[in-house]
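Next up, some structures in structure tokens.
In what follows, subunit A forms one complex with subunit B and a second complex with subunit C.
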Partner chain A sequence: MAIHERDPGMVEGGGQRRGSSPPDGRSGVRASDPTRLASWLSLERKQRLAGWAFLTPAILYVLFAFALPIIYNIVLSFEQTSPATIADITAPFAGLANYRFILHDPTSIAAIVHTFEFTGGSLVGQFIIGFSLALLFSLRFPGRTFARSLVIVPWLLPLIVTGVIFKFLFQLQGGAVDQLLVNIGLVHHPIDWLDNPHLALWTILIANIWLGVPFFTLLLFSALQDVPLDVKEAALMDGAGAWQRLRLVIVPIILPVIEVTVLLGFVFTVKVFDLVIGLTGGGPANSTQLITTWSYNLSFQQFSFGEGAALNNLLLLLAVICAPIYLMLNRGSLGRSSGVER
Partner chain B sequence: MHLLQTRGHRWLGALAAASLVVVGMSQVATSAATKITLTEEDYFNTPGQIQALKQYTQQFEKTHPGVTVTRTYVPFANLDTKLLTQAAGHDLPNLLAVDNPFVPTMISTGQMVPLNNFKGFSTKGYYPAVIKEGLSNGKYYAYPVAGANSIALMYNIPMLKAAHVSPPKTWAQLISAAKALTTSTHYGIALTCEAAEDTTWQWEPFFWTNGGNFASIASAPGVQALSLWKTLVDDGSASKACLNWSQTPSATGQFLAGKAAMMVNGPWNFPTLNLQHWYYGKQFGIVPVPVRLPKQHVIVPLGGEDWEISNSGGSAAERMAFQYIQGLQAPAAELKLAKLFGYLPAKIAVAQTYLKQAGPEWSVYIHQTLYAHPRTLGLGVKYPKISQAVWTAIQAALSGTQSVKSALSTAQSQIKSILSS
Partner chain C sequence: MTRLQRSRTLRWLCTFASLVALAIVLFPVYAVVVASFESTYTLFSGTYHFWPASPTLANYRTVLSAQAANVVTSLIVGLGTAALALVVAVPAAYALSKYRLRVTVVVVSSLLIAQIVPSIVLATSLFIIFHWVHLVNTYPGLILADGTYAIPFAILVLRAFFFSLPNEVMHAAKVDGASEWQTFTRIVVPLARSAVITVAVFAFLNGWGDFIFALTVLNGATIQPITLGIYTYLGNYSTDWGAVMASAVIAIVPAAVMLILAQRYIASGLTAGSVVG
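Presenting the complex of A and B:
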């Protein structure tokens, strides 16, 4: 914009606000040099308009791609839907019937419980292994870089591929894990990893931990790199042992990163879908149904879109709870970590 | 006339050619000037299926100047969802070929055109169960695509010979045969018990033949039929890994790899088996699904796809779409399509002709189709939900989460609430 160049003081947003203390139209009338002030205001207005013009596509995109599906999903969960109503914009109002169904359907309840078990188990496993690896990679040893890049591999694989690989590893007939366990004599009979309703969720948990470790390792490793050397050295000089240094110095410093990592890990895990579909499809006997897989099943296998939407809204609720926490932690972590560095 | 050049049956070809010419001429008369593009969606993906549809389309376009037929392939797992999404936007293809349990669901969208509306539509000569797949409120909405299919017991001849076992006819024989056929390297039978429709479909012949009815699934016929499967798994004659096996390719794969001596499966496996040099009468044999009592008639579920016409394209396109599928109902076209699809022609007389030219491996399938049961009959759009309750009960019982009785009781109460909703 050419107008900008004439008045370099205007370019900065902060200066602009300070400069136009009475921002309403009246000030223009009172001013000694009306023409100049008018151009001032119109400039400000123009800029604001330009700002909105630049923002509009993004706002439209957000409305279209995020808000619309969410709102539609909420509307859907209060409707009595079926393929017969699919072509109409609205279906008969169902009240709370879909939510009542979810609360009384044993499989839906089990899916909710499984989702929390699965997410909790994944986070604990991923954090312990990921943090251990991050600490390991902070040490200097030959082949460190190679090993570090190797850890990232699971992250690069599409989830459905991971599902297929783990299916090969854990299948009852000819599965690599069972063959190994039997050959080294740890077990006498092959374990039915994926075919036993009490074990299947654990098996998927193992696969998901394997998948999530790179994320934890990478983030925690880079946080560990940021721990100032002088603080560590000071602790060493004060005679702190390895465990004390970790617990009292390193963890408090990287705590903000840990919080954000765990929160993001939660969000990633709570919506796992492909892995379960690839490994068990929710079976045997629904013992591995999660909120995601069961709501997909309700919507697209049984064509009860309203019930599927109602269950899915639980995930939405979780996201609504998590988003502000994330923002809070993120802001806090910036403040705290900058405080530490000073 | 590419399609009609099958050796023998020249009279059939001539008849079909004549009827096609008549159809073609009437078409030219009605809409000579208009250009019509028909869109079509299906999930057919074997080389034979693709070739069959391509050849027919080329021939159809030649006899119907100005008409273009555009086919879109959608994978099996996605087609139903895609069609429903398209129905939501009133944007369905002119022609759709769907798996038969899904036909009532598509009809319920209200966007399917009854075929009774069109001149030339006839239900004459079809296996009743096949043509009734598209029956809703007294109107027919569907023609079979390439006929029908069903399942029967396939067995590995050398393995049965080695174990001195003859193909089982009853459940008791099945249990003892499967036990005798189980060795350290292979199981007696490969079942399909994954969390999907093919599990219910595999169990239905045992259940229905024994007099079962979904509404009272927890009574004797159901308990007996599920106990049979449970016995096979508990005996170690069937691998518990079946809880994650699909019918095709998992169970077929076990059978072909020599890891299972028997399986319940369908004729679409013939091309695959032949490709691996497995031939009927030498490597594999086929008998009907065993029955509990010798006097019982085997009732198999009916498989196959159906054509439906949507109302998205207007009446001219609807009429043209009907001509497209009507042309495929000519005996010669049916024979050719059935052969390339690995299916059984949907008309009884054509199926008899087919048996003569197609070989003895079809015999069991052809005869039992007379007693085949459409899965959605009387259940309509509720079938997918019921099927889910059934396969869940099967999985619960076989995995040991619940006893056979309590698993079926759970299913029965679910089915009752589905039926009453």
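Presenting the complex of A and C:
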């Protein structure tokens, strides 16, 4: 099995290869005097060598920790694995058997459907709440800095801890959520958030919205800060109402940030794992099984690494679809350099 | 109501709304702290108490003996991840911002995409790859895997920071006869101190809070970080909530300390990795 020196990232455009690129010959040597050219060249080369030396550990790391696993995951998805083959480098070729399996396995299909429902629901909830909070924090009122600095707390907790905390809060016996709902009279009987297969997906959705709101709030807030004041004032002068100002003036200005935020929200939600393992473990009756959790189950509990890898590739495909868009949104900074030799 | 009164009322309404939002955001953290001081009897009484009914340190006593080794493990993993991230990311970010290299576009694109790759994809392959190279159940293996969270983020954040560093500083150092390496270690790194601290803090939190790689590339009880320790409590049908909550509080402590110490860096750091443009 040859491991190609191909960068995992280059999905956009022409699929360039790294590793074989010749030394850059078109550097800014503008010396007209040929005798000085030689010393200039050696300086250029010295600097380029230094740049490469600084970059080499990162390139090796990306090849080892990203490129190799991604390529190996693809190889694995075409292999007939078993607990006995884990110790070996390769297993017998299986053709498309692993992919056929996940397309016929009811739990895999359910996991795929759940992943879309979970991701869609999370994005809608996180965007609405996050944008509202961002708008709120961009108004002037007592305590806004304090509130803004604390709103990122959910982000700093280990994800498994968040899952465990929500499991505690949502439990039927002595759970805080049910007790609060009963106390304020919203429901008469406690809701079985975790053990009711029809509700459990809602429970992980609520927990994930709680987790993701700070990200949306923070990014959208900083975007709102960048909207020029005179633009807002001009709209106000024209007699635009608050809703009109938001829809016709502010949203168009911050649209690029909204796009990046939703895109990243999507890729972050598609890979949620710890939260669900801590909260429901994929249950009850696989009703909260996502692609990630079911892939873990296939690989590490049933030792069907080939099937797990096939499901992983589907997940990878979902994430990688976003890659060209993400790169395009970041295109301004990709090749930028503010080097000394400029 | 006059205009002034109305705007004042509006301001206090905003304060009230953000207090409600904060209450929802912070309640789970509050609840876990309260529950960690609750007696087992109260926790299983079927009634939730918003304030400890019978405060006790029993849970912490249980947990300190059971989780002390796990805390040490998590510290080693967190510090190791931070060290790895700095060694790899600081020079790379410098090269990607201050040197004109042909690979810059390719490397930066790869890093942006690396942030998107789901950890379970990497974990599945790394588990088997680590089997060949004997890194399963080792600290280096886990730290290398945890670097996948920290390193792309660290390089992108530091690169954005290095752009703001004036070239004259480096130029002056070179005029004075400093080599490329000396310029980097004696001039650039000290100037980038705050950004370096920020990425180190995040890398530490990544290593400390990692669960998925601990669950997959550690395959036995010899090395067990606190995240895995908490998870094993959940395995049984009757969860010892007191012990779980006390361990959860311990697992939150580093995040809380970081929030207090590095507050001003955190918000900017969190967003800088996402929107580099």
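Convention: the second predicted complex is superposed on the first by the 274 of 342 C-alpha atoms of A that agree within 3 Å, B and C clash if a C-alpha of one lies under 4 Å from a C-alpha of the other, contacts with A are read in each partner's own complex, and residues count from 1 in each chain.
By definition in this document, a residue touches a chain if its C-beta (ideal position, glycine included) is under 8 Å from a C-beta of that chain, and two chains touch if they have at least 3 such contacts.
Keep in mind it's a predicted model, so treat the numbers as computed, not measured.
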- request: For A:225, decide between first (touching subunit B), second (touching subunit C), both and neither.
  value: neither
- prompt: Thinking of the overlay built on chain A, is A:322 touched by subunit B (first), by subunit C (second), by both, or by neither?
  reply: second
Task: Kindly classify A:195 by the partners it touches after superposition: subunit B alone (first), subunit C alone (second), both, or neither?
output: first
- request: Would you check which partner chain A:301 touches, where first means subunit B only, second means subunit C only, and both and neither mean what they say?
  value: first
Task: In the three-chain superposition, say which chain, subunit B or subunit C, touches more residues of subunit A.
output: C
- request: Pick one for A:90: touches subunit B only (first), subunit C only (second), both, or neither.
  value: neither
Query: Is A:244 contacted by the first partner subunit B, the second partner subunit C, both or neither?
result: neither
Contacts of A:173 with subunit B and subunit C, given as first, second, both or neither: both
Task: Share the list of subunit A residues that count as touching for subunit B in one structure and for subunit C in the other.
output: 86-87, 167, 173, 281, 300
Message: Help me check something: in the complex, which residues belonging to subunit A touch subunit C?
response: 7-12, 16, 18, 21, 24, 27, 46-48, 50-55, 57-59, 61-62, 64-66, 68-70, 72-73, 76, 86-87, 89, 133, 136-137, 139-144, 147-162, 164-169, 173-176, 179, 210, 213-215, 218-219, 222, 257, 260-261, 264, 267, 270-271, 273-274, 277-278, 281, 292, 295-296, 299-300, 305, 308-309, 312-313, 315-316, 319-320, 322-323, 326-327, 329-342
- line: Seen from subunit C, its contact residues with subunit A in the complex are 10-12, 14-15, 17-19, 21-22, 24-29, 31-32, 35, 43-48, 50, 87-89, 91-92, 94-114, 116-129, 131-132, 144-145, 147-148, 151, 155, 160, 162-163, 167, 170-171, 174, 180-181, 184, 205, 208-212, 215-216, 227, 230-231, 234, 241, 244-245, 248, 251-252, 255-256, 258-259, 263, 266-267, 270-271, 274-277
Statement: Residue set of subunit A touching subunit B in the complex reads 82-84, 86-87, 107, 167, 171-173, 192, 194-197, 280-287, 297, 300-304
Message: List the residues on subunit B that touch subunit A in their complex, please.
response: 80-81, 84, 87-90, 105-106, 108-111, 193-196, 239-241, 243-244, 254, 259, 381, 384-385, 388, 392, 395-396, 398-402, 407
